[in-house]
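Presented below are the structures under discussion, each in the form of structure tokens.
In what follows, chain A forms one complex with chain B and a second complex with chain C.
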Partner chain A sequence: MSRTASGFRAWILQRISAAWLGLFVLATLGYFLLSPPATFEQWRAFVAHPVVGTLILVTVAVVLLHAWVGIRDVLIDYVPPLALRLTLLSLFGLGFVACGLWALQVILLASGLA
Partner chain B sequence: MAANEKRPVHLNLLQIRFPVPAVMSIGHRISGVLWILLLPAMIFLVDLSLSGPQGFARAGELLGSVMGRLAAFLLLWALMHHLLAGIRYLALDLDLGIEKQAALATAWWVMLAAPLLAAGLTAGLLP
Partner chain C sequence: MKFQVYRFNPETDAKPYLQEFDVIVERGMMLRDALMEIKRQDESFAFRHSCGEGVCGSDGVNVNGSNRLACITPLSEYQGDLVIRPFPGRPVIRDLVVDMTQFYAHYKEVNPWLMRKDALPEQEILQSPEERDRLDGLYECILCGCCSTSCPSFWWNPSKFRGPQALLTAWRFLADSRDQATDQRLDDLEGPYKLYRCHTIMNCVQACPKGLNPTKAIGHIRSLMLKNSI
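Let's turn to the complex of A and B:
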């Protein structure tokens, strides 16, 4: 991960993921402003739609990638001691993996796939 | 050389000037870290809302409470600030708005538009 998410590749990954996330944010705000789900069934059916569920899961992965590059930049700038920085980076990494698996479970359960 | 001798030997945060683009830049970092730290809360809320009709109603109650609205405003401010500042950075990467005057103006726009958009979105999303 440190090799794939450093230097120029991290820089370009951060910008591509940012563009995707910007579009997702606009689409999500549009959905909740224009046709917010009135009932649980509407909400569940929306999330369970294969296209919506897939877009959400792709976006979760993109968010976590974007967050990883971002938190790595912040920790490199503000936490000079190497051992402490690597410890914090590992904790965030574990947290991100946990968040990803949790989100995966939520979407699969809503879709009736798990 | 005389000016060089007066350089600060320690960084006094009260004496360092923070121009608007610097404040906006720190805001970009703070808003990003804030979203990272509240990511579990976001997933929890979606999980709750999808757990059943009762969970859906409970999630609505949580968001509609005073604390929920304040949290929503804070997160929407962070989202709008991060988004607008991010668009500004992408533009700077393309050499757009790179001149000092323009860069200062767009930093002000980000600082002012983010809380206004957040207020409007909070009102629109949580009527």
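Let's turn to the complex of A and C:
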């Protein structure tokens, strides 16, 4: 993040992503209450639908963004030694990127694109 | 009433300790009166105070874990022993006297005066009653430090986070119709530390002896940043 992105923009990203996640949780809960997929095949078909798959991937990205801002806040507050903070930030960053790629792989496999 | 009082003289003591004092409490007595009585019992005891009526902001102390202004804290609010300590997180000079230099430095950093781009007029700059009302709840701050020294974000990053007092003051000038440095003031608060270490913990609101609300002021600054960025 650039210097100007680090204060205000991080904060506003946190709010917007929180709103998105709240809506997504409500929408999925509503859908599963009305018509829960019963079998593995139904699950796969549900996830393979292009709109659902895209929404899931967007939401995974939003979760990771939200988590990144949050963990960065925690580390800035509680880990003052710069070297340790940077190490932890990099580890979390790598972990988050790995999670994102893994989610992408899952969706692509389910959609038969990979 | 029994008082457990924090004592530390860096010249003679290796470690701080609590010393017990017994004070006969009379009706209407404030904590400051009890501290003065303790000083009568042991004149080596040090604490700051001046006006005695909640205006100068010098006698902030930590009572049973909460920051209070001693002169306007009635002892009738408490039962049982009282534990009196200096403000948390500040370097102790002696007993209840702490070094507030950093706190004042943050205050200075927010430019606590009106900044004008236009030439100053011959007469005073008039405000409408509504414009004046916007300063209520902001100008009353007495710089006692009860808020900032009770704020966990200020404990963790005291050199970088401005703290609730300085941010309340920043908003006091941003909200002033006569001030013309909105952009500069907002730019000065950018970055992850100065403003955004505030996590809306609201200890400052609970601590303020003047009933002010720094958390709300911080929220107003954030909204103004949002408004100015879209």
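Note that in this section the second predicted complex is superposed on the first by the 110 of 114 C-alpha atoms of A that agree within 3 Å, B and C clash if a C-alpha of one lies under 4 Å from a C-alpha of the other, contacts with A are read in each partner's own complex, and residues count from 1 in each chain.
Here is the rule we go by: contacts are C-beta pairs under 8 Å (C-beta built on N, C-alpha and C of every residue); 3 or more make two chains touch, one makes a residue touch a chain.
This structure is a prediction, so every number in the text was calculated from the model and none was measured.
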item	value
First (chain B), second (chain C), both or neither touched by A:103	first
First, second, both or neither for A:31, with chain B first and chain C second	neither
Comparison of chain B and chain C by chain A residues contacted	B
Partner chain in contact with A:12 - chain B first, chain C second, else both or neither	second
Chain B versus chain C as contact partner of A:76, first or second or both or neither	second
Touched partner set for A:22, first chain B, second chain C, both or neither	first
Residues of chain A contacting chain B in one complex and chain C in the other	none
Complex interface listing, chain A residues touching chain C	3-4, 6-8, 10-12, 72-73, 76-78, 80
In the complex, chain A residues that touch chain B	15, 18-19, 22, 25, 29, 32-33, 36, 39-41, 43-44, 47, 63, 67, 70-71, 74, 92, 95, 99, 102-103, 106, 109-110
Complex contacts: residues of chain C adjacent to chain A	153, 156-157, 189-197, 199, 222, 225-226, 229
Chain A partner contacts - residues on chain B that touch it in the complex	29, 32-33, 35-36, 39-40, 43, 46-47, 49-50, 52-53, 55-57, 79, 83, 86-87, 90, 93, 121, 124-125
